[in-house]
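Some structures are shown below for you to check.
Here chain A shows up in two complexes: once beside chain B, once beside chain C.
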Partner chain A sequence: MSATIAQAPARKWRFSLSQEWLLLIGIATLFIVVGLINPRFVASRNLQSILLANAYVAVAAIGMSVVIVSGNIDISVGSLIGVLASISGALAVAGVPVFFAWAIPVVISILVMMLQGALVAYLRIPSIVVTLGMLSILKGGLISVTNGVWISGMPDSFHLAQWHLLDLFIAAEPGKQAAVPESLSALKPMFDLLTMPVLFMLFLTLGAAWWMRNTAKGRSVYAVGGNAEAARLCGIPRERTLMMVFAVHGLFTGLAAVLFATQPSVIQSTVPPNLELTIITASVVGGVSILGGTGTVIGSTLAAILIAAIGSALIFVNISPYWLRAAQGILILVTVLADIYRRRQRGLAR
Partner chain B sequence: MQSNSKPPVLALDGITKSFPGVRALKGVSFDVAPGEVHALLGENGAGKSTLIKIMSGVHTADTGTIKLDGREIAMTGPHEARRAGIATIYQELLLFPELTVAENVFMGHAPRTKWGALDWPAMRAKAQVLLDSLDIHDLDVAQVVGTLSVGNRQRVEILRALSQDARILIMDEPTAALTEHDVQRLFAIVRRLRERGVSIVYISHRLEEIFILADRVTVLRDGEHVATKAVKDTDNADLVQMMVGRRIESLFPKIDVPIGAPVLEVRDLVRMPQTRGMSLTVRAGEIVGLAGLVGSGRSELAQTIFGVTPAQSGEILIGGQKVSVRSVADARRLGIAYVPEDRGIQGLVRPMTVRENASLAVLSDVSRHGFIQRETEEKLANAAVRQFGIRTAGIEQIVNKLSGGNQQKIVLGKWLATKPKVLILDEPTRGIDVGAKAEIHRMMGELAGQGLAILMISSELPEVLGMSDRVLTVREGRIVAEFSRAEATQERVAEAMMGGTSHESSAA
Partner chain C sequence: MSATEARAPKRLPLAPHEIVLVVILAIALAVLATLSDRFFTLDNLLNQGRLMTEVGLIAMPMTFVIVTGGIDLSVGSTMGLCAILLGYSWKNFGFPLELAIVFALLVGTVAGFINGWFITRLKVPPLIMTISTLALYRGLAEGISQAHSVRGYPEGFYLLGQGEVWGVPTQLWLLVVAIVIFAVILARTTFGRSLYAIGYNETGARFSGLPVDRIKLAIYTASGLMAGLAAWIFVSRVSTTRSDMGTGIELDVIAAVVLGGTSIFGGVGTIAGTVLGLLLIQLLKDGLALTGVKGDATIVVIGAVLILSILITNFAQRRREQGR
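Right after this comes the complex of A and B.
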């Protein structure tokens, strides 16, 4: 026996956890540690509000991750979400059928993103410049169109983000939570978590991850982001691929905007400050290389959850929420260091 | 000539160096005499780079001594190396493209006025003196470096080394990216430096250069010192055997195969400004070599045939049928494959795995309704690894970690997966070591034997002459000469490449 063991090659322990597993461990650690300090942090009410309030960030980060994998970036996404939310609310208040109040902003989002994509793909303007321009246009436009007035008085059915899973199956007044049947009451906390934004987040993340991994189109995004010239010589045109990337990004941004707009009863004419940076942070911390060519959307969604949980945790351990930015910064640095370490191992250093 | 009796100016003894997981050097000794060209040979991974990095202070040796003029010195960093008069010219030239020749030469040690400001007139004058001392008359010290050719940029690097009074110049594959003409000029400069007493450590994969230029040669293999010999006491076969540790029967294993009907015909192809009416024919089983200087229009012709830059006029025929190639996708569908010149920039997607790279040109073939069939893809990748003997931990290995030769085999495999009729190879063996080179040449022969029509572009004349059934010479966007295998000699092809004007003595 001992002889066979001695013959086994000495296997050196290697740090080879994927970013996704690291994030899961990080999230679990955070909940355990902060939960021990303040048990109310892990109460299902708090989990629900963390997820509910931030699911749209994760949805937007999916699109952002696709864009970054393709070797680009979009810093207009935050202000676009703000504009789309106002449009959505205004349409609902004007009496447009609720479905169109949701769908029209999504279509606009896809068109705006494809316009930006065309500038990047065909005119070869760096995406950071294109989206910086769009950011200014949208920010200025939003304020002058809405005059800074908040939008309210949308019909109850408009508030998609307040729906629960059960509302889909059990007729209940939208916006009001359906009564959970007696037989399922044990599962009630779980159903509470599955609000519409969380369902969107789960399905869109898994769907996008599957698309990126298993389709020729998804593969072409990695190819163009990893080496556009090599991809072109393989018959994968950079231009068309980038148009597709921005259209996909537009779809996710539009959906994120609808989730953002339909959650509160009043739509402010502003979005959380630096929303685009939070979204980009989620992508980067999720393991998407800022150089393009690598990363997954599962990572970015986990990172969005981690960032949201840190924000909430700061409150529960009585640290000023202003430190959230600093915490995000530390996360980025740790991620980049881990990334450098992994790239060295794979011989990708530099 | 040089004698080995002169005491060495730089002597390394018993150098070992380990990196995590690798012992790069195992007790290597190396020395260089004043006014000597000492060639350093070895396959990729043999330890050449590590050794020159220790000489230039980039790495510190784990054990061993370094003596300068017989006195032991502590080489603790690049700064010490510079003070000792050791300068290194790396493959990737480290210049500032936005600055002028003079500014680049004196970067970091520019002449100052007594007020401490940069002394521009003195800088320009000194740079001019250096230029004159090397007999370089076509380079202006006020030119911006980014606009210069690779050959001229390399001269700027040499000037920079000389401006720091370098006594020992280490050149890492200086001819890898040079045209034949620039190579000759580089040789002239190296000889001139040697006459002045500068010692040169010369690294190259091209054995013929060693016989032209070097006085002694040291061969490394797997981090160990194999031998140091006077060049006159060795020959090609001997060096190759020392490098690879076994005999390679022939570097260019050209096998004669029956040549069939024309597969690719190109007539009066025009794509301005680089392709100005070129015609050629490649037959089944034939390897046609395309020789020419960099910039003569060789690669541009290939890219026009492949649809990257579609032709403006002229005809392309595949198997006798007139076809229209407007895009890479068209070319692919017609059975044309193009293995590009620079595998890092144009061939591979580095962050991707072997599997993902192998299937990239046939994504639509391994997909059904847009969904990649993982099993089909894995089969394809495994087949490529087996067929080409790609040395990899597996198909999920990230390609960037593989050696140049293995990377090139993946690019080749990727294109052969498209089942082409015409294979265009652009510099198929640039920068890869002798062993892998021989394997790729053997594969080319086999592919021709299977009836593939191969068009090969190469800057290495021995490769063109060794592998081709016919040699076409390109100059200024036109095909200017054609030689059968029997007619093609180094002199005739080179003369056609240069336009018959170049009669400078090539020491070959």
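Right after this comes the complex of A and C.
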């Protein structure tokens, strides 16, 4: 008797370990193990490049998570990011003020996603079909409009990645090393990590997490994803909620596209291959159930970082990067199996 | 009026969505044939048949899978893995070519079986399972080959992909046989009817005593096998093996199946519809290319046709339901 009572809390603690904590432990383990094998892996320069190069994936995964929680999926997101990045670059090269070169793609993204949302919500075409069609349209449109020409020659201020947090305080020119006051120099490595895209990633993740968790609109996404009919009976309209979901997804996709476009000095006019797959992987590994109704955006951001870190770690332990995709596949599989295992344990514990 | 419309489909050989497709196909053919005199020639049409064989072969089991309410996104990667293993086992392990082909087909079958096993035994949702093997199988293909290609196959190997039998591309015969077999299974056998039952209501099918798990395991395995077969044909057609073979083919396949009227929710769909979807996509691609539309713009049209055809069918269906 007493034994069962004593056991209960321990078991509860063990199995209520959330996906977010598991991911944090995974990331920590990866950094410790690979850091011991090759210390250069944990050098701030490498951490910076991992975060900087993948912040846009994490931001896009936030929107994807919202869509998947609502019980839908979007496979057009990779091509849309490619299209928006080209638009953003083309606007900047054409001499449009930098702010508009950032803002216009975001607006376009929201409109495209709301169009898809309308097809899903009001005309009731399954999201996988709508976004599959849109994927063809965007991908074909992108290549045939740009003719595969890379876009380059954007003004320096266009590149968000070169803005550091310090620059904002010290008002230095972007891209130039700010003259760091003596009092702050000890903190410089930390500030170096916090480039604009990384700050975006942090604030957008926290903002979206708060929105999903604490607002009525955010909760309604879970309600519709969990059981659309029950949600309707509670007075949450499926259609309007889905429109909102796709608009939010459009916002994050647009921001992700701007982060993507402003990071390299050349914008390729092809969509990064399998980008949608990486984004969906981040959402799923982050604990978003593909069946809808559960998951958080903090998990998806952590998962995006973990996936990026694994990719970088392979290089540092001298494994050919060609194995990266296989590692990703195993990662999804392990996550999903762990989730199924945990649910069964929980089911048994009850 | 509407009452007769509602009853009519039962007596027609084709379901309403397929009629929509036949009409679109006829219009497309007529327009394209007038725009380009090279389009409506036997040579061109047979060549298009050659080009659509791989997608067509994979679309057959995909129709089954989607009819049961599942999906298989890993077919393109399975194809890549099979192609790499075909080339590698022949060149690097020194297998005779025949054995290498059998090995590749076997690998495809096992790859499909793994999908099916996880989906049925561990209840992993098909979308997730096949997304993870989409990454895994492609990753294995890339890892094993280290992005090196294999070429220099003996001349006889190209008969399947580049040769002709009785004036028709060799692989087109295979596709025709596959279409007939899969169509008969889906429409005329208990197994085929069970697929609809599972897609329409899986719990109901289970309670009716159907071996749901075994049937699902069988169709995912078949999907892997057909991906392996498509890999063999693909390697033979393009004379080389690369790890990125079949990338994105799952989207072409699903587009054809869905365009063919198979509901992504399961329970509805026919092989005839899938074949019409295949033909429409391939002929649109080809016809538009011949009339001077750049290759990449053609997939824009296909995306639009996909969404439009589903819209038209949805509207027609809703009109009929309101008529009742």
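Annotations for the structure displayed:
We take it that the second predicted complex is superposed on the first by the 328 of 350 C-alpha atoms of A that agree within 3 Å, B and C clash if a C-alpha of one lies under 4 Å from a C-alpha of the other, contacts with A are read in each partner's own complex, and residues count from 1 in each chain.
As a working rule, contacts are C-beta pairs under 8 Å (C-beta built on N, C-alpha and C of every residue); 3 or more make two chains touch, one makes a residue touch a chain.
Every value quoted in this text rests on a predicted model; they were computed, and no experiment measured them.
By the document's definition of touching, neither partner reaches A:V106: not chain B, not chain C. Once the two complexes are overlaid on the shared chain, A:L204 sits clear of chain B and of chain C alike. Of the two partner chains placed by the overlay, only chain B lies in contact with A:T294; chain C stays clear of it. By the touch criterion defined above, A:M114 lies against neither chain B nor chain C after alignment on the C-alpha atoms of chain A. When the shared chain is aligned, no partner comes close enough to touch A:M212: not chain B, not chain C. Of the two partner chains, chain B is the only one touched by A:G235; chain C is not. When the two structures are aligned on the shared chain, A:L132 is found in touch with chain C, with no touch to chain B. In the superposition on chain A, the chain among chain B and chain C reaching more residues of chain A is C. In the superposed model, A:V284 makes contact with chain C only, not with chain B. Across the two superposed structures, the residue set of chain A contacted by chain B and also by chain C is empty. Those residues of chain C that touch chain A in the shared complex are 71, 118, 122-125, 127-129, 131-140, 142-143, 145-147, 243, 247, 251, 254-255, 258, 264-265, 294, 296-304, 306-307, 310-311, 314. Contacts from chain A toward chain C in the complex involve residues 73, 75, 119, 123-126, 128-130, 132-144, 273-274, 277, 280-281, 284, 290-291, 320, 322-330, 332-333, 336-337, 340.
Contacts from chain B toward chain A in the complex involve residues 306, 308, 327-329, 332, 338, 340, 345-352, 356, 360-361, 363-364, 367, 370-372, 374, 398, 400-401, 414. Residue ranges of chain A in contact with chain B, taken from their complex: 214-217, 219-220, 222-223, 226-227, 229-236, 289, 293-294, 346-348.
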